[in-house]
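Each chain carries a letter (A, B, C and D) given by its place in the written order, and its residues are counted from 1.
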Amino acid sequence: MASSTQNGVTDLLARYQAIRQQTEKICAPLTPEDSVMQPMADVSPPKWHLGHTTWFFETFILLPNLPAYKAFHPQYAFFFNSYYNSMGSRIARSDRGTLSRPPLEDIYAYRRHVDAEMEKVLTDEKYLQNTQLAPVMELGLQHEQQHQELLLTDIKYIMSCNPLLPSYQLKPTTVSGSILQKQPQNEWSTVPAGLYHIGFQGEGFCFDNELQPHQVYLAEFQARRTLVTNAEYLKFIEAGGYADFTLWLDEGWQISQQQGWQAPLYWLNQEDGWYHFTLHGLEKVDLEAPVTHISFFEALAYANWSGHRLLTEFEWEALAQLHANPLNEGNFMESGMYHPVPANLPEDAETAAQLLGNTWEWTYSGYFPYPGFVTAPGAIGEYNGKFMVNQMVLRGGSCATPQSHIRPTYRNFFHADKRWQFTGIRLAKR
Amino acid sequence: MASSTQNGVTDLLARYQAIRQQTEKICAPLTPEDSVMQPMADVSPPKWHLGHTTWFFETFILLPNLPAYKAFHPQYAFFFNSYYNSMGSRIARSDRGTLSRPPLEDIYAYRRHVDAEMEKVLTDEKYLQNTQLAPVMELGLQHEQQHQELLLTDIKYIMSCNPLLPSYQLKPTTVSGSILQKQPQNEWSTVPAGLYHIGFQGEGFCFDNELQPHQVYLAEFQARRTLVTNAEYLKFIEAGGYADFTLWLDEGWQISQQQGWQAPLYWLNQEDGWYHFTLHGLEKVDLEAPVTHISFFEALAYANWSGHRLLTEFEWEALAQLHANPLNEGNFMESGMYHPVPANLPEDAETAAQLLGNTWEWTYSGYFPYPGFVTAPGAIGEYNGKFMVNQMVLRGGSCATPQSHIRPTYRNFFHADKRWQFTGIRLAKR
Amino acid sequence: MASSTQNGVTDLLARYQAIRQQTEKICAPLTPEDSVMQPMADVSPPKWHLGHTTWFFETFILLPNLPAYKAFHPQYAFFFNSYYNSMGSRIARSDRGTLSRPPLEDIYAYRRHVDAEMEKVLTDEKYLQNTQLAPVMELGLQHEQQHQELLLTDIKYIMSCNPLLPSYQLKPTTVSGSILQKQPQNEWSTVPAGLYHIGFQGEGFCFDNELQPHQVYLAEFQARRTLVTNAEYLKFIEAGGYADFTLWLDEGWQISQQQGWQAPLYWLNQEDGWYHFTLHGLEKVDLEAPVTHISFFEALAYANWSGHRLLTEFEWEALAQLHANPLNEGNFMESGMYHPVPANLPEDAETAAQLLGNTWEWTYSGYFPYPGFVTAPGAIGEYNGKFMVNQMVLRGGSCATPQSHIRPTYRNFFHADKRWQFTGIRLAKR
Amino acid sequence: MASSTQNGVTDLLARYQAIRQQTEKICAPLTPEDSVMQPMADVSPPKWHLGHTTWFFETFILLPNLPAYKAFHPQYAFFFNSYYNSMGSRIARSDRGTLSRPPLEDIYAYRRHVDAEMEKVLTDEKYLQNTQLAPVMELGLQHEQQHQELLLTDIKYIMSCNPLLPSYQLKPTTVSGSILQKQPQNEWSTVPAGLYHIGFQGEGFCFDNELQPHQVYLAEFQARRTLVTNAEYLKFIEAGGYADFTLWLDEGWQISQQQGWQAPLYWLNQEDGWYHFTLHGLEKVDLEAPVTHISFFEALAYANWSGHRLLTEFEWEALAQLHANPLNEGNFMESGMYHPVPANLPEDAETAAQLLGNTWEWTYSGYFPYPGFVTAPGAIGEYNGKFMVNQMVLRGGSCATPQSHIRPTYRNFFHADKRWQFTGIRLAKR
């Protein structure tokens, strides 16, 4: 964002266009029928994502600032509002899958229309100088990037429900060597005791939930340099980890029994071993890649079984401050892998790998406000704060996260039983 | 069917083609997204209807009789089996709406493929002479006609769930005069006491549930010559019929309270009066047309309020034997009205109108086997018999029923709380 | 009732006292805690039965007719109204088990209080001459007898939910020889074709649902002289009847799968064979006794498996007209067996046994109004008519039915999946 | 416990007897029917509490240590195990209310039997010297004290479900003056920034979840000296707090809408003002007393509305370290008030009142393990750790907590929507 305001019109417009196009690129392989699927309540139809991200710009930028602008369609606010009570009534979340109309082509027309208006805004000094507008503009872009990740994970879930197990996209044939090297296992980084500054402090964008920066005292601990691999997780499975209640939280034990969990989501046990469904179709499980699609309950059961524990979100952030790999070596959305890959362990003995990208890492921290947290007034204030209970914090981004969207202070959050995101495990010990 | 076998190849083939084309004509106005909607468990996605009716011919004609025939796709049996336990596992009824793939175009290819094979069968004397094949062939055609009606009622429900209230099709601009004349109200036909022959006895096709023909003794009764109109039903609404528990069965009262029924399904009370959603979009309620989209519970509450009663299915059949209008004057699917129309009351003072077409008529008869009923062996035997409990019989066909599909002995059946079919009310008194 | 009115005060008072005492005799073995149990929604706590039957006399006799009478307690109407909308609001049926207060002793005080007032009524010529009062009085007595049967079946269900499997009462040590003799099996009675008079026509009491008497035409059929025995039913179990969907109605198949039915309710498979829980505790299944505690769905599946069918309620009544055993030889509540016993087959080759008593017999007839049925005005009219949908008719009474309460025209009704009543099977063939 | 081991046999035995008798004293006013009520799944029947606390001593003290001891009844382990998977199968929590047998008198006999054996243990030097036994013994006593509080809150809920609104006990006529004086409002205590030692460090008993002691850095904050009163909460109600979604967490808003929350649990709006149901029956709301029976969601909505916030559990503990009133001035179970009372504000301007006793105080801290937390091996390890997700921490004890049971490091925990405990609100600001 600093560079955007320095370079003026061009940069911000270019970012806008690139992010908007990326969303449509993700949806390009879908049939119109794919675009309306909602096989579970957590999943939103891709058509809805396409409309909702557009509605965000229309509602928070165009309508309040362009006097002559009329809403593209009087009922789209009802269709595409997600959860902003301030913005009026909306379709129930679980009913998003009943919306066959407007057809997909109308949603693309809606995008074209809003994009054209937005491009006027982004080339008009009057708006570019408006300091009230800049943060909302930035929020709209960050918001759309969040939905890019959700699009990928929702599409994966949608495809997995179909008995044909269709492949969403072919796998990239060439992959950067930096993400494929082998790793020595069971190595640890040490973080010394002391007061750490937690929360976002730099220039540029952050979400309100990363504020205020504050101090947290941590005792010394050690963290695994790499994520838990499929090979390691398979030992837990084979040792009966899913059948040993002493490893589980009570709530996790109950849900795992009710839903019959025996392995991560998307895993299938075939005659010649374990397979899992990926965005490239059914594939053999790569033993050296990080395990993914596990709930917090499974992550914690695994940690208990291994004799270790999970990090808190504060420990994770301190680890990232001291021992993070450079950001540009991660496995993000841009790689097109859409799946975690084995670690390229840095030679420096203390540097941790895979902190950013690959999988979101469950922490044993509830999603609560930082000291001094305040919500913004109006609808924007509904963005994060109202979800601060009964969810766990995840850190680090995944293989479905846009690279420019993530940073070490970023706090993601999901309920402890969710498995359809690219979630994984990093261990700690004292 | 008599004519088919008399005239040989040509007739049966022509019937097959006409019925198959009619199904696709019904689906022509739909978008691909429309074709996968399942907004309630009773409704099946139109794409599923298109595949299922095709699967029926493939499974019961082609696969058992054409040695060289291979299933079009190995998993379509799983997708498109409705409820035939004999034919193996299948997707749960309530999950039909999760099937974005195969795409709509593949289903049409499936239809082309099966149609081509079926046309070979229908022009090959070897098969035409096969007396085992003929009834299954006939069943397949009748089955597809049943699904034509379900397609129309399911499409109507799908469209009604969309806040845009889209029109499925424009209304026909010219309508046969025979179905639009005004009627005198409150006229009655008399059926004398005696033993009546109930059930199908003629040549041609009938479903197993219309057999065996048998005698039923009826006391004398009178039946209304016309269906209850919207004007009449409005009086019931305005008199507080929906708030007076003494008119209702206990189970009906509970469900009407839970679901907040205040009027028939699809009715909306606007400032300038009652509207209802039709397959041509939102329209003003025509006071002289028959009321429709009411449950059995509402039909009975209305009858109780009016001081009359509903007919039994045996009384209805006796009435049709003595006083039916000619079949060709009804308002069936072919009119394109897709909605009941006012009665054209015959001049003959005893002849009843609207017996066939317009709306299915709820009877106060449970759906049970006739004496001597036997189910066919194998999967075909699952067609009707296994549903013979906790459903009510409806008679007479509707404005969504193909004209060639209906006859006075035809027994339709739905649960007493269902409202999305074109259902209506005829009164009786003793 | 004829004798009551002939002999005046004494008889009616004596009947009242005998029936009221019988209810309390049934509850004598219960602990206070037993008296408030409601382990499923169908079951009412015994304390509630004790209060409700008393409330009936208070509400329909004392309050409308005795000017000086005040309700025993202002809130008992709320506690003890079962389903009479006309009589005001009431506690939800499924919440009856939350009523620890009033304590059991207060309910007995309530009974004493109402009984004292009722005895005044029953010895006062002014009331005895009141022809409006007599039928309500009779209904109150019949109603209390109905609840005696429900008390026994509810107590059985309550006891069966307790892991201690407590015995409600010791078994009678001496049993009338007339109900224990061995039977030849597979014998049939014939009922010729013709018009039969169905419904109650005599003097004395009947429920409104037994009216109006009317004619029904029946084709000739044959009915088994005895009920299906446990030995016969075991063959069905061992032949895989619970796993063969072709024998079942679709709805029955689904519920049996969901609930895991493998045998009648209360049956337990132990190492040395089948046991079942009875009101005398856990006992070995008597192979020669009639099977009981089966749903309509199981009864029909058994009939299908055996190659026969169930009777309609009209056939059952005609059979009883032609071939019934004398009423006084049945196994009713008064025997204290509280369980069906083997048949004592009459020597007359056409006489059927076990028609009255032992088990209610499921018929393949829905519970609907007879022609000309009218409901009484006011709350009494809510007694039967409003339940006339989605239930099946049972005939003949059971081992928990008071002998003076049953007659061949009596129509009982339950949902097709219910199993906690003493229900059984009689077969028919044509 | 220190004093117990110093003074030997007598003290520990006396404590055992006093605590066991207190439990029975709490149950003395109950009828047998009261003792089996379970009107919602969270509530356990009082009879179950009586048995379960006894089972704890039998299972963890008598059976493993007394070679000759036989279980009082072979099935009581099944009845009275709460959630210890290690101790075998058990009755489903929601089915505890179906257990009419064993009768209440048998449970008291069970208590007598176990008490007699325990008294042998507590007077036998062999056991008293056993250092393994002492902590389990102590846990049993603490456990029984926990159930005393649950008994009171469960009894309150049970009584409140009865339309008679029975009083559990008369109110004490004389109350210690120390708990009834008036308070100045809106006064604050200050806690300076710094590292605080959190967790239990002293001699004597604590639960495993209070360990390990560790340091937490806190910024400076201020806390209200008194709990939020009914008068203050009423202003929130009257200002529309229950209808303003901006004050609520999203999950709290949804549940409050679904359940129709308009005031704390047990409140009734009558013509002459607000009443609430107490253990002494229906009473007028005392405006100066602390508000209670509110969920975490309501506590947070109130805090948001007031412009303040809730404390974290660490802030609460630091506040108690610096500014707590002496423990012996609180309103605990022993007062017999069974309801919070107005504060007696200390003269010292920084001392906070009502920290211990009156109401549990919701904190904005999730219930998670302290750093270094380890679970004990075996069944005892299931005591706390397995519940450490999706619950909020409460601090300080209530008017239903035994005085000897509470301490400033005590961590209680409930789901954020629970309202049947004596819960309240303390505000913080920075």
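As a working rule, contacts are C-beta pairs under 8 Å (C-beta built on N, C-alpha and C of every residue); 3 or more make two chains touch, one makes a residue touch a chain.
Not measured: the values here are computed from a predicted model.
Visitor: If you take the chains that touch subunit A and keep only those that also touch subunit D, what is left?
Guide: Per touch definition, common to subunit A and subunit D: zero chains.
Visitor: Where the CA atoms of subunit B average out and where those of subunit C average out, how many Å apart are those spots?
Guide: Distance between chain centres: 39 Å.
Visitor: I'd like the Å distance between the centres of subunit A and subunit C, where a centre is the mean of that chain's Cα atoms.
Guide: The computed centroid separation for subunit A versus subunit C comes out at 61 Å.
Visitor: Cα centroid separation between subunit C and subunit D, in whole Å?
Guide: Here subunit C and subunit D have centroids separated by 48 Å.
Visitor: Multi-chain contacts only, two chains or more: what residues does subunit C have there?
Guide: Touching at least two other chains: none.
Visitor: All pairs of touching chains?
Guide: Here the touching chain pairs work out to A-B, A-D, B-C, C-D.
Visitor: Which subunit C residues qualify as touching subunit D in the complex?
Guide: Within the complex, subunit C contacts subunit D at residues 31-37, 39, 47, 75, 78-79, 91, 95, 97-104, 158, 161-164, 166.
Visitor: Which positions of subunit C touch subunit B when the two form their complex?
Guide: 83, 85-86, 195, 214-217, 219, 245-246, 248-253, 296-297, 364-366, 368-369, 371-372, 381, 386-390, 392, 416, 430
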